[in-house]
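Each structure below is given as structure tokens.
There are two complexes below, and they share chain A, which is joined by chain B in the first and by chain C in the second.
== the complex of A and B ==
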């Protein structure tokens, strides 16, 4: 029972390796261009499978866009020009690192603002704690009651009323 | 009492954001091409490959560009609507046959009806990329000056047609 299962697992793992190896095959010949191509593809989101980059995805569109990147690099375009080509067509959404502009200020500044807010709230809470007056010292009767309670001679509550 | 008001308020705000987020569709990526001139291209016509089509020839007319393919399942859903639209409206509908085999595309139209004034063959999907196509079908409304005014992502629905596309076409044809 175990041996066939292990064999099946081995086959699956081997297949997984083959499938994995098919990802992001650079089509450019020149190694420098190929590295640039893959680096650009890693920065761009695949619109078909949105949580993968163009480099990782095997969707048809990702393959086409990788081809576009290769062609544009071969044509001597700069990285910025290739990225602009993509954002002109698909918008800033294709960038994993969105640019800083009026509509994205909150996105970039949000974490810092939240941290600032948290620090302010914490400071206020600590200050309030400081300002809470210390409890008044016990009166003689209270001390006597506490002593009796500790010796087990009385029960807590309405002793004085008795 | 007051000390619970602030966290409760923050929680309600968060709840509001999450609730709105539930209804947003992350697959609908707003196109940066709205308000921009239609990308120039020259492609062979599907039924007469010897003849080329270019958007320049549509200047002065309001027209639709519908991206479709015979392998696309949702195109079948919207197809009857397009056929009906073409029958009842004199607006030109150009089909961009995206990464399809011309034979398959022609057979598909012969079987289901052809709502297109003409279709062009984008065999390798390059023109599709220029239009920011990332799924089929997509439909663009283009005005008389050749500016893209609206993009429908996914199938054209009766709601989209009646609520957005037809009123926009009427407005654009006035201008």
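== the complex of A and C ==
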């Protein structure tokens, strides 16, 4: 029963629904496979486009590669095997998530290194704060001057002294 | 004739900028009042000439003067009038002219609103901005003349890139550039303060509203860009970690850190050096963003310029500006005194921690954006890699999650010294509520990822912690609740609103990321697809003719319980001049979610491939950004920035204190 149904479906697809099917035909048949296919396609770069994944692009190459992914999933390949197939053909450039290699160590370790550096600098700055004496409180005259400066009445201070 | 007037106006603007960048600066150093007095009229003159040049270019576009290279390349006689105006900044040359126009506008605004500043300070600020203006005007005149003539004139223009023919193009670049260029004000204030040796709370108060204003514009600019991509690109994404997006996102991250750091410098006198450094970094990243997008080193939809001379010019300019600023910083910063002291647990520390996380995040985005370029260059083109969303998400979420968590703690922590037990007492309910919703919601919804739990926790956490902070804030005031709320300063309300915006944003991102559904189907006339209680029926396509395109216009009827509730018209356009095909999605926007339909490819005469999405809470993403920008605007209207009206009060307050 199933096989003839699938055959009928295939004919319907081939005819483009001219027969007047009510329920639309998914472009991919199996929803789990379709999900996997989209997830994979999102991680792969369309090589002829301007920074689009092949899931997003409608370029011929992207359409072709999406079909490739569908076929390979249907053939029972794992995600890793599909990705390997793509990198064998197009190199690492096709991957939006660059693999960890000697050339990309800095890329992947960079954020952690930056964070470490920032924390170290921060700690040093906080320690320095402890060592510097607190600034003397403002005198009355300085307060009055500050008030005038805030209002923009005076242009006093260091600059005027010149 | 008109283009020549524009060209002349640009040259005159350059001459004024040269004077403005030198004389008032020298005047401030040597105390020559007459030289300093030049800065304001010069700023006005520059705005006049740059505006004339800009209008001349707009005029050439409106009149479709194809004897101008720029117009011939980026416009078309069929292009609708509003896109002809937008095409003024659609090209590389035009967008640089827009940059200079924005710079002149900011300069004039400083000249008007900062008249109360000490003369030296104002002269230095305007001079520094004048120097930046010199760089960009030279860049325009030497490498990217927008008025270059074409002889003989073209009979017809090439048309504006169809991707850019969207209402987003009218608003996105001006907003974004207002933000980018707005950071030049913060930068100029920082440099002026370093030059003058006066780096104190007063300086922070002066430059804070300018920074907030620029940040608001940048937030709006990025949000419009994101919304535009969602509408125009046809697959319903809202952020792609495209290098060009990153170029605008880095200044935003650093700008956000700067806004918060300035708050500490103004209130507590602390973090002075850090704040100055951030001001320099924010503007440097704006320049770098311009360089990345304009030099064409990135291959992406926005980079329409590929000329090494331009790249070299901006690179040298970048080195001069950033290098010069950092050198000045290195010379002067050691002499800047420390500020108010604070303990390990205090609002200062929380803000500092958030600053660090924001900066590391910006640094990581920079790393991910430049790494492929550097690797490519170092390996002589042998090693090409792509760094995309998987990388940025892996880096960004761990950095931003603690940042967002601390956002709940900071506003209730005391300045100078806070106590953890006290914080716990204030926030324990907020913590319990957010934890409970993070655990229970996925259970109720029948499952969910860890990302969903984290996102929910953070969104509810900010919301609940904000409620706690409002309660704590008004506890010590008298009167009815609404009176006590009305007593709070607008700056504080601004912060609260902006933080709530982050909660809304996080909720939107989380929910749409988890519950978004997508169907990719081929549909013949009469076919239906069911998704989330909605039935989509494809009623075929008709041919329509637009002003400068032809399109297949689909009709998709949405039925709920058998009744027709909505008709959507996605289009597939082919533009006449370029022959480029564009997908125009049909979107039904709702508070709870969007229905998004876009036409793929025709399969045969009667059927099409159609993509249908349900995107729950997707509008919350942009609403959150709008709230952030509104928060900034509200803070800008705080009474302490309206100096003159409160002069009397402040004087009495200070005298009595003394």
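Quick note on the criterion: the second predicted complex is superposed on the first by the 86 of 162 C-alpha atoms of A that agree within 3 Å, B and C clash if a C-alpha of one lies under 4 Å from a C-alpha of the other, contacts with A are read in each partner's own complex, and residues count from 1 in each chain.
The definition used in the following text is that a contact is a pair of C-beta atoms (placed from the backbone, for glycine too) under 8 Å apart; a residue touches a chain by one contact, two chains touch by 3 or more.
Predicted model, so just to flag it, every value in this text is computed and none were measured.
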Contacts of A:68 with chain B and chain C, given as first, second, both or neither: first
Touched partner set for A:89, first chain B, second chain C, both or neither: first
Contacts of A:76 with chain B and chain C, given as first, second, both or neither: neither
Which superposed partner A:60 touches (first chain B, second chain C, both, neither): first
Greater residue coverage of chain A in the superposed arrangement, chain B or chain C: C
Which of chain B and chain C A:48 touches, first, second, both or neither: first
Which of chain B and chain C A:118 touches, first, second, both or neither: second
Those residues of chain A which chain B touches in one complex and chain C touches in the other: 50, 91-93
Residues of chain B touching chain A in the complex: 26-27, 29-33, 99, 124-126, 129-132, 134-135
Chain C partner contacts - residues on chain A that touch it in the complex: 13, 16-18, 20-28, 34, 38, 42-43, 45, 50-51, 53, 55-56, 58, 63, 91-98, 103-104, 106-107, 110-111, 114-115, 118-119, 122, 125-126, 128-129, 132, 134-135, 140, 143-144, 146-147, 149-152, 154-160, 162
Parts of chain A lying in touch with chain B, wherever the complex brings them together: 47-48, 50, 60-61, 64-65, 68, 87-93
Touching residues (chain side chain C, partner chain A) in the complex: 28-31, 115-121, 196-198, 202, 205, 233-235, 237, 240, 242-243, 269, 274, 299-301, 337-339, 341-342, 344, 352-353, 356-357, 359-360, 363-364, 367-368, 371, 375, 379, 383-391, 394-395, 399, 518-524, 526-529, 538, 583, 600-601, 603-604, 606-607, 609-610, 643-644, 647, 650-651, 654-655, 657-658
